[in-house]
Amino acid sequence: MSTTLLIVQILNGLQLGVLLFLIAAGLTLVFGVMDFINLAHGVQYMLGAYLAVMFYGLTGSFVAALVLALLASLGCGLLLEFVVFRHLYDRDHLDQVIATFGIILFLNQGVKLVWGAAPLSLPIPEALSGSVVLMPGLLYPVWRIVIIASGLAAGLVLYGLVAHTRIGMLVRAGATNATMVSALGVDIRRLFMIVFGFGTMLAGFAGIMIAPILSVEPGMGDTILILAFVVIVIGGIGSIRGAFIAALLIGLVDTLGRSFAVDILRLFLAPSPARTVAPALASMLIYLLMAVVLFLRPSGLFPARGR
Amino acid sequence: MLSVYSLASGYGPAKVLFDVSFTVKAGEVVTLIGRNGMGKTTTIRTIMGLLSPSSGRMVFEGERLNGLPPYRIAQAGIGLVPEGRQVFPTLTVEENLVATAAARFGPPRWTLAGVYELFPVLSERRRNQGNELSGGEQQMLAIGRALMTNPKLLILDEATEGLAPLIRAEIWACLARLKAEGQAILLVDKHIDPLLRLADHHVVIEKGSVVWTGDSNDLTSDPYVRRRYLQI
Amino acid sequence: MAEPILRLEGLCKSYGGLDVTDHVDLEVAPSGVHAVIGPNGAGKTTLINQICGLVAPDAGRIVFAGHDVTHRPVHARARLGLARSFQITSILPAFSTLENVALAVQAHAGSSFRLFGRADREEVLNGPAYAALVEVGLGERAHVPAGSLSHGEKRALEIAIALAMDPKLLLLDEPMAGTGREETERLVHLLQGLKTRLPMVLVEHDMTAVFELADHVSVLIYGRILASGPPEAIRADRQVIAAYLGEGE
Amino acid sequence: QERLKIGLITTLSGPPAALGQQQRNGLQLAIKSLGGKLGGREVDLIVQDDELKPDVAVSKVKAFVERDKVDFVVGPVFSNILVAIMKPATDGGAFLVSPNAGTSNFAGKDCNANFFVTSYQNDQNHEVLGKYAQDKGMKKVFIMAPNYQAGKDSLSGFKRYFKGEVVDEVYVPLNQLDYSAELARIAAAQPEAVFVFLPGGMGVNFVKQFRQAGLADKVTFLSAFTVDESTLPAQQDAALGFFGGANWAPNLDNPQNKAFVAAYEKEYGHVPGSYAFQAYDAGQLIDAALKATGGKTDDKNALRAALMKADFKSLRGAFRFNTNHYPIQDFYLVKVAKRPDGKYQTEIAQKVFENYSDPHVKDCKMK
Amino acid sequence: MPLLLFIALAVVPPLASMAGQAHVTGLFARGMIFALAALGLDLLVGYGALVSFGHAAFVGLGAYTVAILGAHGIHDAAVVVPVAVVAAAAFAAATGAISLRTRGVYFIMITLAFGQMAFFTASSLAPYGGDDGLTVSTRTTLFGYAPLGRDVALYYVIFAVLACAYGLMRFLVASRFGRVFRAAKENPVRVAALGFDVYRFQLAAYMVSGVVGALAGVLLANATEFVSPAYMSWRRSGELIIMVLLGGMGSLHGAIIGALAFLLLEEWLAGVTEHWKIIFGPLLVVVVLFARGGLVGIGAALARRWWRG
């Protein structure tokens, strides 16, 4: 295990972390801040990717596809909000779970009906397709840098919005006591609608940005959804900073675990059992991490105050 | 300003209000009096649009309130200090105050600085979360929050619950000042003596119906109400 | 003076830079009402929370009925006979009013790991529970869900629960807050009857009630005991008047 | 004559649904091109989704056997489903024809008289690449697969023929999305070739990221089930020139295959993959056997013997069944190419094995 | 209502065989197995607000007990069942002790974590089929006698277990123990202040629920004659939650109805169209939007309306 490889893997881990954060960002807003359990976040992410593929097919331009897909995601989000979600804000979390699970089934199947079951893909825009040399022996795809940048940007926007604007305050207030916000003269339903639409757009945005490196296929949002929840829970629900740090932590642990588990276990075990145990352990690692974090800090790393 | 005509309302199948009528005129202080569970809070919740009346009429400044959502009612100029405080636990004190602040009718009478002056403790705790405050501090916050919406009519439901005597006295003084400035106020409180000094009208509710109305003099001289609601 | 039922020794608690409880020493006599008064935010609730175990003190010792309970969990202290009411109503909203109280009876009746038999039909639990409800004037409301009680009724229920635990010491955090005038009078009357057999710590802002009930008053300001003594002395104390009582309403 | 009942159990939900759809399409196309009849009998094809859950598959197959009284069960895509349905399908008296999954245990000690495989023994496609790398005289190869049984079988299959240095052997979690960590290792190890087994979406992700990392020009890409007709529409140019191993390719030169590919593309709008072809052959196999028995299914022994003959024109050209009911056939190295019409397909690069049979047959008691 | 439900379930096999639809028996058997698991979960979700997202692990644990002991030639219920029960109780005690320190969504996720660990462990059990799973060659016997050989017999065994578990749960939630457990759902601080060690009550309930799940697993292994790590996947745990919610949590029979409805609807819709999820999904949404308390809630609302005339 050489030092350059270690450094490279650390970088990769951070990058995976930012990628995860990009996906978790919208969920932090809707679930963490607005306190609405939206299992459909994953399929909204998927929908963003599919829409981008479709618009790319129609326009042939990535930028146009990005813009149109974002708008369409927003539209879908608002539509879903109007038809389903607004009736569930003051319901039990579990009602939200079952309804949004229904939406998962519907959209996964719907996507398959419209676009077929085979995986699709979105090419990287020409100008951003190459790689750059970050350091000797380390070629880095430009698009990944773009993803990192957009993840950071999403985080900053979100943080600013939630922590430092009146909209953010009202959303946080509405999450704990919507009636009271409304009784003080704020149309909390409309506000929730806007925020929800924005959250959907963020999900769609993540889907669009990631489509060039991952396959676009039905069900692509399901595993991601779980990962995003892991991120948010480790970070502490409601804390954007926590989600960001947790995402990096998971990225690092997962990447390094995968890369070096075998080498580390070989210190204790014969090569052949090490080879079989290590991958199982690596798969478990993020869950192990979550269990340990929650054991030590039952409300995540950065528990939101006042919940 | 606010007129309520034979209001009936309740929680689902449970009828609580049967016949409540009263008015609050501009610049007036009116109280709702009654024992526990008689429907005072229910009346207020119905006015605010948090419960929908099964019959009756509510008019505020010429606008019919029936069927309006709560935020429209608040925007029409009613500020609420709810029973049980209900401050926003996840917001800091300052955020609690500014989040819903508004000045819908000209320049604001109440600003952050004004509220902090009224309740200096809040200024000390401005960075604390709402749920970290003591009970009394939360009560002050709830009052400040309602004032920050600069309402035409201020409704206080047991706003002095849990406040220390000194602070309570300050609140009465403050309300008197507000009244002098022409602020209309609807009050529910169990401390009758200061209410007698402050209020123009009293409305007594019993089992969901208004059983008595009158001014402070009537109240002190009516033997039945006196026995029930005043210390003898 | 007899051995105190509760003794606090140098109790400290601070949040951030704020000393909410600052070396508090306090002794509660085995009978009578010990009132703790003080301005809002003085640390009264925090003190109660430390006594019953919801908040861990930073330093100091809590001795209850001869046991050092400083590090025992909430439920263990309750088992020793420490009951409390909450300033911010804390009941079981979906349970009926009677069940709320019956659960408290069950707590000291024991055998709660009993897996069979319908608990809601047990007369040994319901009888005392109903009696407690009647005492606070909620007899008629026994079978409605506690969540649909009015605010004042919930406050009364809070007291009934504490009574039903049949405690050795009762901590009352603003029991009169939110109860109407008539109800307050009834409550004062009730507590007056109780205080002969049950020591109490009473935190309250209703001075009429405090001075009617208390045998001993401690004044807490900024986390410190400013004054302690018989009610008459406290009422006349200039410092207390300036910081808390004011000149009366 | 009574209608012939066939139950198809395949994966139609979740990400691998594309594979199940190809299987279904292939079988349906076979029935259609045979005039809606197999062995002269009208066919009722009942299609069920196994949802990739073994217990669901068991329940569906039991319904096939008990409710529908099917004579043949065709399917599934995945080995773990095959293991689960073997007992309920064959105990119930039906013949099970697998158009894809072919686990080693059923080729060897657990071989079953009523079970036929029209694809291959699972390890064989991997062996193709191992043999190829060995023949090419490659020295250093990096190999990788997901951490599950098929993944482990894959890498051991590769190593069975490749005797050069395996610079690293990596198992990744199933359905991993991001391969930057592994790509970094590959770049650091500087092998001549990589061999990967990353089916479905994993393959799409890896191929794209492999190309983006700039490794495609330096390292030969060998794979099994990673670049095929089910993933190429998503991989597109990223996979061009990459190698796979197969018993067939769309451009395999024989008249029946040409007709099949043309008909399939006309009917379903995409290039068929091996899943479709093997299911098509399964249809033909049943047809041929029934023709031999005059459409009768009650004499199981006669029917089995007829199936054993495999007397039909397979799309892969000539093949026959071994005693364990797995095929003896040729295997090829295939390479991804872009067709003039802009679609992508794998094309035969060279033949690697001729009349190849799997080694497990020696453990099978059937004669 | 629960009585009707059980009577209906009891007459399924004769009706099915009369109608010549014997496989329906198998379908309902599977439904009842999941109903059993859902029933156990309902104790946690409906009465304790402890939403376990790793419940499938217990089912898997029970199933693997059958398979692994079977692989070593042990098929007798007298061994299999106690082993499964003890294993599940131990697993529940260990994971519950940690999980119950957390609340709400944190609890959901930490139970998911333990479920996933169980899943990955089972997947790497190479001697027992790894992630391909392994076939159960012989169904569980009782003192050497093979009562489960026939599907109908198996059906009635499942039925009996379900009925017993239901009865047990009914008693449990109404008992003193159950009352404390339910109260802790509403307001744990208050319950602790009354002198109850909330944690112990919740842990005990968690273990009971896990054991019931493992029994379902034992039955599942017998019904499908196959076990696989897929039985433990998070999707399965999620489906169990959905079953409980669909039926209406906190009523026990709701869980049974939910599981049966979920599986039968799935079976039926899948027969209608391959794209059945496009119908099933919105159906779930509609159930939530128009009824509180799941199918049981709808039933109650309809009954009320009918009552009023």
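Each chain carries a letter (A, B, C, D and E) given by its place in the written order, and its residues are counted from 1.
Everything that follows uses one rule, which is that a contact is a pair of C-beta atoms (placed from the backbone, for glycine too) under 8 Å apart; a residue touches a chain by one contact, two chains touch by 3 or more.
Just so we're clear, the structure is a prediction, and the values are computed from it rather than from any experiment.
Visitor: What chains touch subunit B and also subunit D?
Guide: Touching subunit B as well as subunit D, we find A.
Visitor: Where are there more C-beta contacts: A-E or C-E?
Guide: Spelling it out, more C-beta pairs touch across A-E than across the other pair.
Visitor: Average the CA atoms of each chain to get its centre, and name the chain whose centre is farthest from that of subunit C.
Guide: Most remote chain from subunit C, centroid-wise, comes out as D.
Visitor: Once you find the CA centre of subunit A and the CA centre of subunit D, what distance in Å lies between them?
Guide: Chain centres of subunit A and subunit D, defined by C-alpha means, are spaced 34 Å apart.
Visitor: Just the number, please: Cα centre separation of subunit B and subunit C in whole Å.
Guide: Taking the average C-alpha coordinate of subunit B and of subunit C, the gap between them is 29 Å.
Visitor: Rounded to the nearest whole Å, what is the centre-to-centre distance of subunit B and subunit E, using the mean of the C-alpha atoms as each centre?
Guide: 51
Visitor: Quick check: how many Å separate the C-alpha centres of subunit A and subunit B?
Guide: 45
Visitor: Note the residues in subunit E that touch 2 or more other chains, in rising order.
Guide: 123-124, 126, 277
Visitor: Multi-chain contacts only, two chains or more: what residues does subunit B have there?
Guide: Within subunit B, residues 132 contact more than one other chain.
Visitor: Quick one: which residues in subunit C touch 2 or more of the other chains?
Guide: none
Visitor: How do the chains pair up in terms of touching? List each pair.
Guide: A-B, A-D, A-E, B-C, C-E, D-E
Visitor: Sort out for me which residues of subunit D touch subunit A in the complex.
Guide: Going by the criterion above, the answer is residues 12-15, 17-18, 20-21, 147, 169, 171-178, 180-182, 184-185, 187-188, 200-201, 204-205, 208-209, 212-214, 230-231, 233-236, 270.
Visitor: Which subunit B residues qualify as touching subunit C in the complex?
Guide: Residue positions touching the partner: 11, 14, 34-38, 41, 83-84, 121, 125, 132-137, 139-140, 158, 161-169, 172, 190-194, 228-229, 231.
Visitor: How about subunit C: which of its residues touch subunit E in the complex?
Guide: The touching residues are 52, 54, 73-76, 78-79, 83-84, 86, 90-95, 99, 103-104, 106-108, 111-120, 122, 161, 165.
Visitor: Looking at the complex, which residues from subunit D come into contact with subunit E?
Guide: 12-13, 47-49, 52-55, 58-59, 62-63, 66-67, 79-80, 83-84, 86-88, 103, 147-150, 152, 174
Visitor: So in the complex, the part of subunit E that touches subunit C is made up of which residues?
Guide: Within the complex, subunit E touches subunit C at residues 171-172, 174-180, 182-183, 186-187, 189-198, 201, 204.
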